[in-house]
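The structure appears below as structure tokens.
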Amino acid sequence: MQAAQEQAPSPASASASASASPPPRAHHSQSLAALFSANLRQDRLALTGVVLLTFFLVVGIFAESLAPHGPRERHYDDAGRIRRLEPPSLAHPFGTTDVGRDIFSQVILGTRTALIVGFLAALLVTLVGAVVGIVAGYYGGWPDAVLMRIVDFFYAIPFIPFAIVLAAILQPSIWNIILAVSLLTWRTVARIVRSQVLSIAQRPYIKAARVAGAGHTRIMTRYILPNVLPLVLLEMAFMVNWAIMAEASIAFLGFGDPRLTSWGQILHLNFVSGYWRIAWWWTVPPGLAIILLLLSIFFVARALEAVVDPRLRNR
Amino acid sequence: MAVFVAKRLATMILMLLLVATMIFLMFRTMPGDPTASMVDPSIPREARQALLERYGLHESLWTQYRIFMADLVRLDFGSSYFYNRPVLEVIGERLPATLILMFAAMLFAYALGVLGGAWMAWNRGTWREAAGITFSLIFRSAPTFWVGLMAVMLFAVTLGWFPAQGMRTTGYTGDTFREVFVSLDFLRHLILPAAVAGLYFLATPLLIMRNSMLEVMSEDYIEMARAKGLREIRILYKHAARNALLPVVTAGALFIGAAIGGQVLIEVVFSWPGLGREIVQAVTRSDYPLAQGIFIIISALVMSMNLAADIVYGLLDPRITYH
Amino acid sequence: MLDVQNLTIEYTTAAGPLRAVEDVSFTLQRGESLGIVGESGCGKTTATRALLRLLPKNGAITAGRILFDGDDLVRKSDAEIRRLRHRHIALISQSAMNALNPVYTVGEQIKEGIRAHTRMSDQEARARCVEVFGLVGLEAKRLDSYPHQLSGGMKQRAVIAMALSLEPEIIVADEPTTALDVVVQGRILQRLRQIRERISSSMIFITHDISVVGESCETIIVMYGGRIMERADTRSFFRAPAHPYSMGLQNAFPSIADIGHADLVSIPGSPPDLLAPQPGCRFRARCPFADADACQTRTPPLLQVADRHWAACWYTDQAAGFRARARDHATWRKAAADGR
């Protein structure tokens, strides 16, 4: 049964590739970048992805200057009444909430939260996953067996329930969400990296390096890491998406960081207010923002994947 | 085969005990007094002490753990603070709703995904394939709960085709399983949440099936089947699809863990009285025995689905031997 | 029975059209065995796939006719072709290792082919399977094995049995033994020869190994760069190859008797890039005897050099001299050096 397990693509990378073991070749980072940019010129979807992602990054970085209002600021009309549930207008492009807050500003500020959670969590997840995967795949034997049983254990834990329990026990904060994502998701990366390392460790040049007296650490960092790096980068792209989605979901359920504006939180307030059935301008923008950001990363990942896996290049 | 299943079941039980230990420790090591949220802080000290003793919370951590595990082995999950009833009873009421919604969504996603993935591979390089990929990636990028909100807004509120929430029309009370689940009214309530959840799951079987079909279609035995003079439709579904299904099955198993998360969100949006919505409420109400119990049951669900997928895989692929 | 006339096949690729087969003509008589030899990429597989109309989606027959008992296969509808495949023209695929679907038993796969073309019942088809399994020397119980339970040689024999199951007029064997080790190869080839004596099917044998053809075929076609370089009666061909490329090939694959005696001479260089237009002889760049004029600019037609022996070379009259020089390594090395 083990064989079947090994071929299993991760749920995250499943969206793009059926096989989790692209033929690895030692890429130099330079040629990797060159291949990627060559791919951009051909693949219009990938180019769209890069443009969109850049846009989101700019919005995220300059969110505070770009947002016309504070996220909690209440707006009043000339008569001094709260501008509650106003549809989009020039003053409030995405309309207002039931307590007269500017949705446009909230969505802009939410961009930053999404990007921070996405990239930090993905970084942690891939770091831990890659280290575990390389160690397990390289040493084999009991370290591999132990680490893989731990991986199996974490596969059995349902993510959202775990995250809300964790958020309820610790204080709901952005850091705890990042912690929850990292705790449960490194397993995916570990598994994929491990199977890749298993095939690389059999290569003649690894054996040659060992014969030549290279230490374990040296072999892992100098010979194996460069070979799994493209795959790790690709997985990281999927993890960014996964983390952004996870944050939005947890915040939507009301276990998010109450002090931070996030897309999930906007939708949470929208949902519990009950006005989501009529105030479409309150529901649509944060959802569209999530879709566009995730889609842009998927498109970039697809281009990256074509670089990692030469078999996919002509599709 | 029997040995394999027995072994896997044993591992599963061990894993479940580990999951239970983890969740126990998570709840017991939380900062602050667990009773603070559970009982009204204004009630007298004596009454509070009585409550603590009633739920065994005055014992040492180790004793509590021993009692917890011993109860668990006897399938006693304790008693819900909120409902004041055995946890298992509450779970038993909620489980069918969750399972039905989950299987309906999976069925929707897999039927559409497998057929659509094969179709996309067949139309490789055309605009149809590109549209299919973009379509599935959009739904993979869209938060399930948001799609749910939009679906209710459009199909329930605006168009009025389907009910907006719940499992049965408001005011209806059914007692037996048959009364609640076997009816047209239930089906009408099921369609929208199942379709929304299914659309989210869809990308995985669809894209894997497509990639896997493309790989299989370049295999020599496909050319051989053509050389044998078989009809294209037979080659597509008997020879290519059967082989291409293998990775779809495996990926599906690993996807279930994530899928249950999506299920929680769907249940909340559609007020679907299942385990997912219940665990969210239990955590909000600090009803820890109930949250604990549901957590363990959901884990067990994930594990049994994985096992089921492994067995199905073995049935589909004669090369797999169980050992 | 089979008459291929001026067959030309092109692939549409990202880099432009690729003419994989050009102006190929040959005939095949009932019971005849024909060997098509050439390096990989010479068009031999493409040409024979065209007989079954099994070209990939980007490949098309752009000119020529394939007459099978007088009917042009190029013009037949898909349904007509489907009925013809396996029943009349069967294929023994290149890689027996992968020619069988791993999820069905061997017997199921053979029966499926039989039942697609006949009204045989399940039992009758099964009986026929047992029969052809006997023919290839496999036990009947192997019918219930899955491909992964068989050795490479057994799989190859099962594939051969499948091709024989409907006693087709023509069997196309595409490199039937390349994936196997030498000993098994020899056994399979011998088995094929025995079978040919017992049934009346004609056979087209595609291979890159010229010695295989020498032992199994009456007629030989040598292809290079999509064109026929030489077409001859096998005996005449081995006695006196008339095309420089054939001479090179013969040196590269010595017959079993020669091993250990003669030096192996391989042809340096690589086949021409068929994406580029090809004026002159296809072999000019690697040919040690090519001149600076005709060979570079005009494509030589097939010229008769003897009874049942044709070669596409402008200098067939000097073939005897070429043959003597072709045995020397230096001749080929010099050509490679000049070519670059």
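As written, the chain order gives the labels A, B and C, with residue 1 at the start of each chain.
FYI, contacts are C-beta pairs under 8 Å (C-beta built on N, C-alpha and C of every residue); 3 or more make two chains touch, one makes a residue touch a chain.
Note that the coordinates shown come from a computational prediction; the quantities given were computed from them, not determined experimentally.
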item: Among all chain pairs, the one with the most C-beta contacts; value: A-B
item: Relative to subunit B, chain with the most remote C-alpha centre; value: C
item: Centre distance in Å when subunit A and subunit C are each reduced to the mean of their C-alpha atoms; value: 53
item: Distance between chain centroids, defined by C-alpha means - subunit A, subunit B (Å); value: 22
item: Centroid spacing, where centroids are CA-atom means, of subunit B and subunit C in whole angstrom; value: 55
item: Overlap residues in subunit B, where contacts from two or more other chains coincide; value: 317
item: Residues of subunit B defined as touching subunit C within the complex; value: 219-221, 223-231, 239, 242-243, 316-319
item: Contacting residues of subunit C [partner subunit B, same complex]; value: 52, 54, 82-87, 90-91, 93-95, 98-103, 112-113, 116-117, 146, 148, 159, 162
item: For the subunit A and subunit B complex, residues of the former touching the latter; value: 1, 3-5, 7-11, 14-19, 45, 152-153, 155-162, 164-166, 168-170, 241, 245-246, 248-249, 252-255, 264, 267, 270-271, 276-278, 280, 283-284, 286-287, 290-295, 298, 315
item: Contact footprint of subunit A on subunit B as seen in their complex; value: 4, 15, 18-19, 22-23, 26-27, 30, 124-125, 134, 136-138, 140-147, 149-150, 152-153, 157, 164, 203-204, 207-208, 211-212, 214-215, 246-247, 250-251, 253-255, 257-258, 260-262, 264-265, 268-269, 276, 279-280, 283-284, 286, 291, 294-295, 298-299, 302-303, 306, 310, 313-314, 317, 320, 322-323
